[in-house]
Amino acid sequence: MTVRRLLWRQLDPRAYEHEGLSPTNKVVVFTVIVASLGAIVETEPEIERQWPELFDYIEAVFTILFGIEYCARVWAAGENPRFSGILGRCRYALTPAALLDLFSFLPGLLVPAFPNLFLLRVFRLIRILRLARLGRLSLAVHHLLYAVRERREELFLSLMLAIIVLVFSATVMYLVEGDNDPKAFGSIPRSLWWSVCTLTTVGYGDIYPHTVLGKICSGITAFAGIGLIAMPTGILAAAFSDAFQRTRTTAEENKRQS
Amino acid sequence: MTVRRLLWRQLDPRAYEHEGLSPTNKVVVFTVIVASLGAIVETEPEIERQWPELFDYIEAVFTILFGIEYCARVWAAGENPRFSGILGRCRYALTPAALLDLFSFLPGLLVPAFPNLFLLRVFRLIRILRLARLGRLSLAVHHLLYAVRERREELFLSLMLAIIVLVFSATVMYLVEGDNDPKAFGSIPRSLWWSVCTLTTVGYGDIYPHTVLGKICSGITAFAGIGLIAMPTGILAAAFSDAFQRTRTTAEENKRQS
Amino acid sequence: MTVRRLLWRQLDPRAYEHEGLSPTNKVVVFTVIVASLGAIVETEPEIERQWPELFDYIEAVFTILFGIEYCARVWAAGENPRFSGILGRCRYALTPAALLDLFSFLPGLLVPAFPNLFLLRVFRLIRILRLARLGRLSLAVHHLLYAVRERREELFLSLMLAIIVLVFSATVMYLVEGDNDPKAFGSIPRSLWWSVCTLTTVGYGDIYPHTVLGKICSGITAFAGIGLIAMPTGILAAAFSDAFQRTRTTAEENKRQS
Amino acid sequence: MTVRRLLWRQLDPRAYEHEGLSPTNKVVVFTVIVASLGAIVETEPEIERQWPELFDYIEAVFTILFGIEYCARVWAAGENPRFSGILGRCRYALTPAALLDLFSFLPGLLVPAFPNLFLLRVFRLIRILRLARLGRLSLAVHHLLYAVRERREELFLSLMLAIIVLVFSATVMYLVEGDNDPKAFGSIPRSLWWSVCTLTTVGYGDIYPHTVLGKICSGITAFAGIGLIAMPTGILAAAFSDAFQRTRTTAEENKRQS
């Protein structure tokens, strides 16, 4: 077996002969998690003040590591007949997965050149997007997305119902409390913040009705609306569970047949 | 095919020969969403101050559009044998759907005549009710309502249980905390506001028990009551999901038979 | 048919020949709801100040009504062979349902004799307990209680798990935040109030961690614990739904057989 | 039957010939609960101030009781062929259950020797861990753990999704509100506290967005994220319920066969 074939089996999760992730991909997953944690912690000004240079060095190391990984992936992709040759490699480089890999080290190369504050912040966001690569490696996420797509009608309708409930309750509170508390309920867009906070049961406590009529209306709409707001949540959770059940059943059937 | 027949097939979702919505109804749905968003944003005083005339023009356009749509619907309804002739048209105009259509442009005609502040606010509420027309166009909502009606006994009983739990916990807190915090717990109706906020887990934080005994009682009733309050929610979500499942199964059976 | 037999069929929900409630019992249910609402509203000091005598008259009317109803129920109970004769009536008077009926008018007779403030408050609580009579009239509640009893092991274990999670998270917060905020986290019983508020997701906002370590610990325990706290809720809702499903299936089978 | 055999049947829940717990184990469970309650209440400074010596005596009694119980368990373990002889006893003493028993009375012996404040606090934590022994006695917990292990993939993935949603929403709020409210949203770790509070719907109200853009972003992420955060919860509850269903079915089958 050639080195490229070996590398390809290690890097492409679908080409790996055993179940689960290959050792190389396990290292990649671990590195991605550490790099993401680094990008999260780095944003804390107090930590950056104490060790101002530390994160620059860490970032440089990760940029080099992900750069090497990217090159290896592009080179090894040639094993796949769809991506062989230079033209095939270009096609590979344009797949969403490869673009995600590219964006996980490109900011590290560009930031020193453009030391702009706003760009820095956006690049940090991109660095955290590396986490999305964890999802790519897992075949299970694909199954989930498929299941969600199957129930998209249900999810869409329940979301629409939820939005109508939000708007309706905001309108009621605007009519009832609008005059007493114009800062919080003086318009429907303002009341919507109350609707979202109440009907998702978050309830920060920054705005709440003060009049008796407002309390009665808010109590009734909250009571009636929470169920409708929770519906998309419940449907999503059930779809996720079903998708797993289905995958497991299929896997067991495949085992029996082989 | 006559023009009226063509129009009827475009406007009546049940007369359209293909699945989904007809192009005309898609435009109507889009217009309804935009008009509702306009009516929501319009209530914000800061936006109205900046562009005082803008929303009057927008409203005029929507009034004309919905007026034309209403006339077209009434005229095309004649294709349906139940609504043919002038008497049939009158019967059509009294159906809930047609009344909803009427109310979506009538306020725009009447507001300039009665520039009263309270009426204006109520008319704005009616304009947002246009959103309800989105539901009418969707056959799925009919299925949902049917399913909810089937479980009405269950929903009613769980709602009654929820109300009894609310009243009971409010009574306990009134007995325990009534003397210490008369403003928040000085009567059962006042304690009910706490009950609603706590048992729906919203928890604004405007009122909460301060004494040790009050905290113990509120902890126990919250712990015991949240389950009962969440029951109608769970039943509603399950009924909604079942209704969809049923519709999908029926649709698949129809496909097999044809 | 004698008058007593007619009355018995009207009053005992199991003796009524048709489905649902008899007209007399519908009136009783309605009266109970109105009387309970009256007892709730009566506690509001502002309302009592405005109409100080009103609620005394209302209470007198309800006391007489429920007194007549109680006598009628005791007299009619003789139709049931288990409760015939004076001894049988005494046995009937000691059933929980009859005692509940007794307590719904007895306070109204005793309050004028002992115008004590504390007794008044307790009697008011008893008056609201009249609501429990609504449950007695409904056969569905019996089915529910049966179903809950069937899953009592599951409910008990999940409740125990929930309590252990509460205690454990309170202990963690006591160790971590105890020194920084002794008023809120200075002992495990104090921390328990935070645990209840957080893990039921009520979150009043009167106490929350201030230190970084406290926030990390509270975030992790909240994240891990909410699932376990919600478990009894989910099990209860499922048991309630199953009980209904079972009742409906049994009713359908009975219909087929007859 | 020897005394040791009798004792073993009383102490080992799997050796007891009848269903449920043996009388001795019921006493042990009761003692564990009382001792744990004592350890919880003891931490309250006001109670300790009032009865400073009381809890020392109580603790001494429980230390002796649990010490005797531990010795009895080690002695009786010899009935089990796996743990007979002195070497077998040592092996028994190293099982997690026996270590848990050891730790439930050891702190009581050591605390008087090292009257250090920090150690005291940690030892109190260990005393509350006695509650974990309640779980050991129950066979149901074993079934639950087995079921959770079966769905570990599902739980792990949904937890990962939840963490990604938390990080993503924190990043969005950091970008949007970071400049306006640096204390609450000035870094991603700080924003994470908001994410946890909002997406678990606790909503203490200590931090929330103040700008319009921040409110819109937080409303959308809250709305979209709550479903994903609630997913592990739902899966855990379903797994727990399934495990019980399975146990009940197995028990019924065993009854039929015997």
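Letters A, B, C and D mark the chains as written, and numbering starts fresh at 1 in each.
By our rule, a contact is a pair of C-beta atoms (placed from the backbone, for glycine too) under 8 Å apart; a residue touches a chain by one contact, two chains touch by 3 or more.
Since this is a predicted model, take the numbers as computed values, not measurements.
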Inter-copy rotation, chain A to chain D, in degrees (Cα atoms; steps of 5): 90
Same-site or different-site touching of chain B by its copy chain C, using the half cut: different
Rounded Å distance, chain B centre to chain C centre (Cα mean): 31
Distance from the mean Cα position of chain D to that of chain B, given in whole angstrom: 44
Junction residues of chain B - those touching two or more other chains: 192, 201-205, 234, 238
Interfacial residue positions of chain C with respect to chain A in the complex: 201, 203-205
Residue numbers on chain B that touch chain A, as the complex places them: 36, 40-41, 43-45, 121-122, 125, 128, 131-132, 134-135, 138, 140-141, 144, 162, 192-193, 196-197, 200-206, 232-234, 236-238, 240-241, 244
Chain A to chain B touching residues, read off their complex: 153-154, 157-158, 160, 164, 167-168, 171, 174-175, 178, 182, 186-190, 192, 198, 201-205, 208, 215, 219, 222-223, 226-228, 230-231, 234-235, 238
